[in-house]
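Look at the two complexes coming up: chain A is in both, with chain B in one and chain C in the other.
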Partner chain A sequence: MAALNLFAFRAGTTALHRLDVRTKMVLVCMVSLAILAADFTGCLACFLVLYGLIRTIGISFIRLLAQLKWFILLLIIMLLTSSLTIPGTPVFSLSGVMVTQEGMARGALVAVRFFLVMMTGLLFSATTRPTALKSAAQWFLRPIPLVPEKRVAIMISLFLRFLPLILDQAQQTSDAVNARCGNLHKNPVRRIRCLTLPVMKKTFMAADNLCLAMDARCFTEDRTDPAFEKGGKERVFLAAGGGLCLGMVWQAKVSFWMTFWS
Partner chain B sequence: MSPAYPLRSIVYTALFVALISVGAFIAIPIGPVPIVLQNMFVLLAGLILGPAWGLSCVAVYLLVGLAGLPVFAGGTSGIGKLFGPTGGYLLGYLPAVFVTGTLSDWLGKRPVFDILSLTAGSVVVYAAGVPWLKIAFTMSWGKAMAAGMMPFLAGDVIKIAAAAAIAGKIRPFVRL
Partner chain C sequence: MIHPILEIDHLTHTFPSGGGIQDICFCVFPKEFILLAGPNGSGKTTLIRHFNALALPTSGEVRLHGIPVTADKVAARKTVGMVFQDADTQIVGDTVFDEVAFGPQNLKLPLSLIEKNVTRTLERLCLAHLKDRHPATLSGGEKRRLAIAGILVMDPEIIVLDEPFANLDYTSSKDLINTICRLNQDGRTIIMAAHEVEEVIVFATRMIIMDSRGCLAKDGHPVDLLGHLEAHGIKEPCFSRMGYKAPPWQR
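Let's look at the complex of A and B:
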């Protein structure tokens, strides 16, 4: 579970916690798209807003960095790869390997965008109850023909139940394999099998037990439709989020045309 | 259990959605580049669940990521990720799982046919992902393949071998 602790729901009474889940989903989509189009200035504005919101739910910057250390390492590798592979003005070269200005800029922008997308997901998952997410998915899918929205909602709720179970079992199995020096095997196929086979066996047995329990309780899809709780600030958040996204996109376009004409 | 209501298939599909999501976080360090098990579970879903439920599984996975839960590789999510430079791989999972499941149903459940089905699924993932990457970064075919396919081929061979072995062991437990 350690890998996902930061992404787990954190109970609270902040405005974000009280916000209607459907509004939050629309905001996540809008911000994700705006991040894709934004440049460094827009990303900085977005980072400040997201960081402020993350602080309100009680996650410190140090904890954020500590929990995401492997993810940040991945971003650094991305930055280095771009710096070394994208051609352009050389910053310095060593033994024939050249780091370019354009490569560094491109890599840094991609890394920043990844980090911001991750922060958006963190904010969403840390302030949204899994049951609310299931209800929202059902609500959004209802108008789409040929999509069994209740079935999809059941799958989402089951998925949210299985996620911590698999993570716990993967951690336990990994510890058991390592205790038996399984991590020293040279054969990669054997290493994957040693880890995944016991995890999958255990989770499929747990799934079987769940099937029996659900069937014994006469489980059907015809359940009471979800009720949504509104915090009253949905329009404010939508307006502010929309303004931020438009600002990020507009700023990126203006910056692009100014560079183009100069 | 009622024959009309596919409860077991629904539960197994949800389980594979969770496995695919967890696969994005489980990295097995083999050399400098770790193997992430996400696409192995996608193709395994095709083998175990078949084309229809496999397709449902990947569709639900993409929906969950689209909704904002951090289930894509590296803890990312959102529509921006789905339609970003690597979105082709994610959307390519849909035809890949369908092709894997259909081929597995046609050919049979023997290990050699499993390997063939998994290989076809992997090819479909790259067929969707590499052109998308090429268009997104406006790069040449050679560079797109060098960046988006070549580094992962060795890992894919290992994952296909492991997935075929796992499918053979897991099938007796799965009663769809």
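Let's look at the complex of A and C:
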């Protein structure tokens, strides 16, 4: 039995689960764009809203941090890089390397924004069935000429289905290589080759089996489209989300002009 | 006179690298439980993939109700449902419900009918309480039952299972045997490919033994063929080795 990662869909009956997937997609786009324009105050407001919603779907903040540990490490590296490379008022200096106040502020803001976008994505993926996501992609692509929307939607759904399988196979292959002391090889090219070729072979074989299994169940592009479920609170969520986004952007602009004039 | 559902007529499939199946001929009749036994590499999987035109023969033909399976592949795949050996790679859906609904959606059935059929199938295979679960979180036995549910919902006449007991523990194997036997008692024809026959031999009504060259070696009642198993690289069941009759232990 496999453990699910944090981003896998978890069934539930919360308002977010019942929300129409198209509304959720619009909200994710709006909130992500607003996050990119927001400053620390806006980001704090957004964090509180996202945190509350994450709690309602039953994910603890500690687990969130634990699962995102590598991502958080990346954010820390980004923060350090900004602190060391952006010129400004020095906070301290060590052996000629200077950490600046402006660099730290800019790096922290970028890191917080990335983290919030990640939280938004988590909320979306954990409360949305991939099949609903596929249907929404198909719905959004339908008006675009020359785009085979059903084929694209199936490709999205297969990609989402296959990604964990590929990661699982990569982990298994890595364990098998390490079990025979493969991790002691110093040559990185050889290490990558030892991992990549078996994983690719397994992935192609799994893809071949999946094609056969789909064929065996009469797979065709012209299938019954799943209906969109509407929870009835789409307008409330759009209004609240829109209000939050406008508030974040407006606050950032006001803050910018106040700093500029002072 | 009972007409065969499936006729395998001088079927040969060769691979460029060698191996495959050679000149296979037999018929499958309604309500049979056929155990297709053979060692690894004897061509069991290759053979069963011809039953619903997933593989095309080098020569020979497979007919379903007298019509070549290649003439109407969709009908063949509706009539002959196939459960693959590795349940993990055949699961397409993101929840148990979606996985079972995949086949009916391909047949473009109306949504209301899909929901009704899927719910009924899940209840029948005792999976209804898991309908919102992600298939990756199921146990091996549950995944195998889910794979069966995925084809049962399309109402096939014949269910083909490829090594269904691979990687299953005793309890899961027992549950799966009960499920398969129940389907057979309900009137479905079962064809099971296996290299270990101990678990199911007492339930099978017919056994076909394939040899390592990909030829049909024996075809008959399982009890009559017990003495031929070891000669073809298949482990003889324990009761037979010890000189006992087939035990009725799970009937």
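We take it that the second predicted complex is superposed on the first by the 255 of 262 C-alpha atoms of A that agree within 3 Å, B and C clash if a C-alpha of one lies under 4 Å from a C-alpha of the other, contacts with A are read in each partner's own complex, and residues count from 1 in each chain.
Please note the rule applied: contacts are C-beta pairs under 8 Å (C-beta built on N, C-alpha and C of every residue); 3 or more make two chains touch, one makes a residue touch a chain.
Here the structure is a predicted model, which is why all the values come from computation and not from measurement.
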Partner chain in contact with A:C29 - chain B first, chain C second, else both or neither: first
Partner touching more residues of chain A, whether chain B or chain C: B
Partner chain in contact with A:M200 - chain B first, chain C second, else both or neither: first
Which superposed partner A:L210 touches (first chain B, second chain C, both, neither): both
Which superposed partner A:A227 touches (first chain B, second chain C, both, neither): second
Touching partner for A:A136 - first (chain B), second (chain C), both, neither: first
Which superposed partner A:L79 touches (first chain B, second chain C, both, neither): neither
Touched partner set for A:F9, first chain B, second chain C, both or neither: second
First, second, both or neither for A:A111, with chain B first and chain C second: neither
Partner chain(s) touched by A:C46 [first = chain B, second = chain C, both, neither]: neither
Residues of chain A contacting chain B in one complex and chain C in the other: 3-4, 158, 161, 165, 210, 214-215, 219-220
Chain A-facing residues of chain C, complex: 49, 52, 54, 74, 77-78, 81-82, 84, 86, 88-90, 92-95, 98, 102-111, 114, 132-134, 136-139, 150-151, 154
Chain A residues within the chain C interface of the complex: 1-4, 8-9, 11, 129-131, 158, 160-161, 164-165, 206, 209-210, 212-220, 222-224, 226-227
In the complex, chain B residues that touch chain A: 1-2, 5, 7-8, 10-15, 17-19, 21-22, 25-26, 28, 30, 35, 37, 40, 56, 60, 63-64, 66-70, 74-81, 83-84, 147, 158-159, 161-162, 165-166, 169-170, 173-175
Of chain A, residues touching chain B in the complex: 3-4, 7, 24-25, 28-29, 31-36, 68, 71, 74, 85, 113-114, 117-118, 120-122, 124-125, 128, 133, 136-137, 151-152, 154-156, 158-159, 161-163, 165-167, 170, 188-189, 191-193, 195-197, 200-201, 203-205, 207-208, 210-211, 214-215, 219-221
